[in-house]
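Chain IDs A, B, C and D follow the sequence of writing; residue 1 opens each chain.
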Amino acid sequence: MTHATATLDQMRPPVPAEPGLPIYNNKLGMWVFLASEVMFFTGLIGAYVILRFGAPGEWAKPNVVLNVPLTGINTFILICSSVSMVKAFAAISAGDRKGLSRWLLATILLGATFVSVQGVEYWKLVHEGFTPAGFTAGSHITELVAQGKLSDVTGGLYGSTFFTMTGFHGFHVTCGVICLIYVWLKSLRGGYTQQDYRGVEVIGLYWHFVDLVWIILFTIVYLI
Amino acid sequence: MSSLAAAAPRAPTHHDDRTFVQKYIFSTDHKIIGIQFLFLSLLFLFLGGVLAMQIRWQLGFPGQPMPGGGILPETMAPGGVILPEYYIQLVTMHGTFMVFFAIMPLLVGVFANFLIPLKIGAHDMAFPRINMASFWTAFLAGAVMFASFFVPNGAARAGWTMYAPLSARPDLSGADYGQICWCISIVLLGLSSILGSLNYITTIINLRAPGMTWFRMPLSVWCLFVTAILGLLALPVLSGAAIMLLFDQTLGTHFFDPGAGGQVLLWQHLFWFFGHPEVYILILPGMGMVSDIIANGSRKPIFGYHSMVFAIVGIGFLGWIVWGHHMFMSGMNPTLGSTFMVTTMIIAVPSAIKVFNWMGTMWRGNLHFHVPMLNAVGFVAMFVIGGLSGVFMAATPIDMHIHDTYFIVAHLHYVLFGGSLFALFAGITYWFPKMFGKMMNEPIGKIHFWLTMLFFNLVFFPMHILGMAGHMRRIYDPTQYEWLKGYQPMNHFITLAAFALFATQFLFIWNFVWSLFKGRKAEQNPWRDNGLEWTLPNPAPHGNWEKVPTVYRGPYEYSLPGAPDDWYPQSSKLPNDREPAPAPAPAH
Amino acid sequence: MSWWLPLKASTFAGEIDGLFTAVLIITGIAFVVVEFGLVWFSLKYRSRPGRAAYYTHGNTKAEIIWTAIPAVTVVALGLISNHYWKQMKGRDSVPADSYPIGVHAKQFEWQYTYPGPDGKLGTTDDYTIRNQLHVPVNRNVVVILTSEDVIHSFFVPVFRVKQDAVPGLTIRAWFNATVPGEYELGCAELCGMGHYKMRTRVTVHTQVDFDAWVKTQAQGGSE
Amino acid sequence: MATTAHKAPNYILIWAYLFGLTVLEVLFAFEMPISRNLKILVLLGLAVWKALLVALFFMHLKFESRYLRLMVLVPLPLAAIFILAVITEHVW
């Protein structure tokens, strides 16, 4: 289904201006913001890669400390939320306002589920003794070390990098969910029409970016 | 006032129903936000100066009670005598305030906000509300940093570069809350700077007036564009690093803790990966303003516009691959040192091109030495010295001797004070009429320039000599060392010259404040400049133009052969000028 | 107080001062050209009634010249510097026969561990002294830098040698002292409150004095 | 929408790809048939593939102007430069 022509076309670059990029300001602004977010995660993930490459001891194997199956499902939930986001976008671009609101609600619920699963996993890990400051003595995790399945030389680094990266990703997902709720409420009030659904597209770009970062994080933190 | 200005479109007369608060406190007008940044940053510039005077007092008169030092708390300066802990706070906070809260906001916060929409012919920034949020985040960051003086145990004390593990371990540095305040403030400033850069980039790309093609943009806008890109991509890395440092201090993480596998050099790499684009953020806007002002003062087109643009963009790219020259002696891999040495040598070339182009602009010009032009030529003269002393440090064997000595302090002050600050004096004087509708006083401006130039050199040139002698940086009391005792008279002399330099700045403060209220009413185009902003009345009204002007030529058409005046505004149409192509119709 | 670089007391000093002078001459020429150019243009082309500016947008030939000359100069400087850099700090630049001294930096003092009569570090006859560096003249000495807490920097101006001591790393820096005498060493990297007083007395002995000193130290005659 | 009208990509197909690739990744991470370095390369390849799917189809980069695609790629070399340079610290 092609996008219907629009009369008062809000979704084009501003009229009385020299042609810059052929996209409207909000979208260009979001892409520029996402470039700065890429640099922010470069700082964090870069530090993780460098610390791990130069780590004095042997890094923890996948699925020893972190529960990979649960996180795999969590990744799948975030991918579904990306799909529902894009379905919402397709709905409004075809003029279906009710579809937009329904898909947005689905995205919010999936996103919130992802964050809560992440929160529960944090709570469980901390209780097992795996904290940002490393392995707390006399906990389940030190037994793992005792059984030789894990070296605690790199425990401090493992905790620091894991919690900082996934923590800040969770923070970005939470901000995304809050913005989605705002967009959803506005869509309920009929804020978006087929002619002007910029807000949906911009928050969609942010949401897909957060999903993209998680795809990379899931692989390099949980699987490698 | 020649006939040309009469053709300028009139300012909008629509009724302005915003309340005082909306208009001046929480304003979304890019000009008001620029002026808010101006007042805030001039305050922090003064604070940075006061900190510098205390540093100079301790170096000029080691251990003697500082006049007025009585107000300082006993833990910091008992009886006015500065203690080492306080001295290192002074050094740290002088660097932090000057770099992050004075020069950067003055150049980017004030002039990007104020000039970009005016010079490219836009009603306002692309996202006015985000622009306002950028100012108030910077205000909050400044407040947190200023508050860090008054937290228990005092402000952060690991140098403005905050090298770990000194910055990460309160037991080693003696400051716990101060370091936390520093990190939080820097993260907030990073956010503010990203929001700002986001705005400038979108505005420059999408909101240029019809006819304002990329190569008709003034060089100041080109510089602000590349600065915004550097800021957009560099500040997040600093925010990430500051967050890691904050977690090391509070949550007990081990990013920079060598005991638990953390890497100390990681902080330096992260900091300087941000740091070098940062120092180009601090100089590029100055270069842009100086290019505009020298072209105006010489009544002559800028020499080699395209090569200047390529030099600016070149600095934008090369700025990312040279950060290792701050770390030649830090235990970094020597082969990496060689790579960074070569890239650092190459990055000297764009700056050289710019200096020769400025000189080319003045060559066979018709030089009007108004105060901005004086300061701009002063910028070029002093920036050259800073740039050349940089070559000494790029040569790694020489850097082995002069790294972390006063040679480095001399270099950075020649480019930051001699460079950015002289460009700021020029910029503020030049666009003062557009901001406030009044002219700054000319004689006071000239006296201020010549005295500042004199005392600036008396303070910072001898530091090269101290650096060659091996006088280390951030030394509380140099007389501890035999070989530095001999240089104490020079430190003494530098301190006296620094006091004179500080006193001279009151001339500028007096000129600025007095002209705000009693300055001569500015005419429509006081400097007879071609920029779009001078087609507006002074001070420029909200929303700038009612109808965005159309641009027919570049910004530097001075002394056009056969033109009635020696200047030709970008927006006035010559008979044989073509209308710009209309924006493409919606394709679908 | 001297207006030039300090005493040349190591093999590095000659090369570094030579390079310093070369760069000073090159930058001096550029400095004179630019500053006098600015002054001359300011005087010659200042605005006088009836004066008109020459309308030009630039000159590509001039651009090429003043791009090429700085580029060639800096690249040449880069290659020369790299040659010395490899010798002084390169990966395998430390001469094999160097006399090892363990330098341990901690907050606000230096601990020097000497190999003792057997000349090897890590043997039982090593001895450690605080804030005193004794080196034989005309012999390669390698300083094995470690740090206990924060980053310090081993800097002897007269030897023109500087190397940060980074906690968690062991970094080796070598030099060859050529002029016997008493000098000083200071910490060049901000390391906290007492950064200014991390002073070490550096004594360069003739070979004979050095052997005698080592013998006296070995008998426990510690300072 | 933007300049060129484009047929909306088949989102369900993309979703299936992403789901399949995720499962493949998880399985692959625990079977150990090959050397560690090759496993890391393959896993990174799968991650990049999924990331490209999201970027090109969900974020519509495939249908955007090439200047925007160029602009989006700008931060990646910077990230690569930083990581590669600092990693050489350990290849002393």
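FYI, a residue touches a chain if its C-beta (ideal position, glycine included) is under 8 Å from a C-beta of that chain, and two chains touch if they have at least 3 such contacts.
All figures in this text were calculated on a predicted structure; none of them were measured in a lab.
K.L.:
Which chain has its C-alpha centre farthest away from the C-alpha centre of chain A?
P.N.:
Computed centres place C farthest from chain A.
K.L.:
Which two chains have the most C-beta pairs in contact?
P.N.:
Top-ranked chain pair by contacting C-beta pairs: B-C.
K.L.:
Taking each chain's centre as the mean of its CA atoms, how far is chain A from chain B in angstrom?
P.N.:
Measuring from centre to centre gives 35 Å for this pair.
K.L.:
Please compute the C-alpha centroid of chain A, do the same for chain D, then give the distance between them in whole Å.
P.N.:
15
K.L.:
From the C-alpha centre of chain B to that of chain C, how far is it in Å?
P.N.:
The computed centroid separation for chain B versus chain C comes out at 31 Å.
K.L.:
Between chain C and chain D, what's the gap in Å when you average each chain's C-alpha atoms?
P.N.:
Inter-chain centre distance comes to 46 Å.
K.L.:
Of all the residues in chain A, which ones touch at least 2 other chains?
P.N.:
Within chain A, the residues that touch at least two other chains are 2-3, 12, 21-22, 28, 32, 35-36, 39, 42, 46, 50, 54.
K.L.:
Which residues of chain C are in contact with two or more other chains?
P.N.:
If we look for residues of chain C contacting two or more partner chains, we find 91.
K.L.:
What are the residues of chain B that contact at least two other chains?
P.N.:
As it turns out, chain B has residues touching two or more other chains at 233, 237, 262-263, 265-266, 269, 335, 584, 588.
K.L.:
Please classify the inter-chain touch graph. Allowed labels: line, ring, star, complete, other.
P.N.:
The chain contacts form none of line, ring, star or complete graph.
K.L.:
What chain-chain pairs meet the touch criterion?
P.N.:
A-B, A-D, B-C, B-D
K.L.:
Help me check something: in the complex, which residues belonging to chain C touch chain B?
P.N.:
Within the complex, chain C contacts chain B at residues 1-6, 12, 15-16, 19-20, 23-24, 26-27, 30-31, 34-35, 37-38, 41-42, 45-47, 51-60, 62-63, 66-67, 70-71, 74-75, 77-78, 80-82, 84-86, 88-91, 93, 107, 149-151, 153, 155, 157, 160-164, 166-169, 171, 183-184, 186-197, 199.
K.L.:
Show which residues of chain A lie in contact with chain B when the two form their complex.
P.N.:
The contact residues of chain A facing chain B are 2-3, 5-6, 9, 12-22, 24-26, 28-29, 32-33, 35-37, 39-44, 46-47, 50-51, 54-57, 132-134, 153-157, 159-161, 163-164, 168.
K.L.:
What residues on chain A touch chain D, complex-wise?
P.N.:
It comes out as residues 1-3, 11-12, 21-23, 28, 31-32, 34-36, 38-39, 42, 46, 49-50, 53-54, 62-63, 68-69, 72, 75-76, 79-80, 82-83, 85-87, 90, 93, 204-205, 208-209, 211-212, 215-216, 218-220, 222-224.
K.L.:
What residues of chain D sit close enough to touch chain B in their complex?
P.N.:
For this pair, the touching residues of chain D are 1, 3-5, 74-75, 78, 81-82, 85-86, 88-89, 91-92.
K.L.:
Can you list the chain B residues touching chain C in their complex?
P.N.:
The contact residues of chain B facing chain C are 84-85, 88, 91, 157-159, 163, 165-166, 169, 172-174, 258-259, 262-265, 298-307, 328-331, 334-335, 337-338, 341-342, 345-346, 348-349, 352-353, 355-357, 359-360, 362-369, 377, 380-381, 384-385, 388-389, 391-392, 394-398, 400-401, 403-405, 465, 468-470, 472-478, 480-483, 486-487, 489-490, 556, 558-561, 566.
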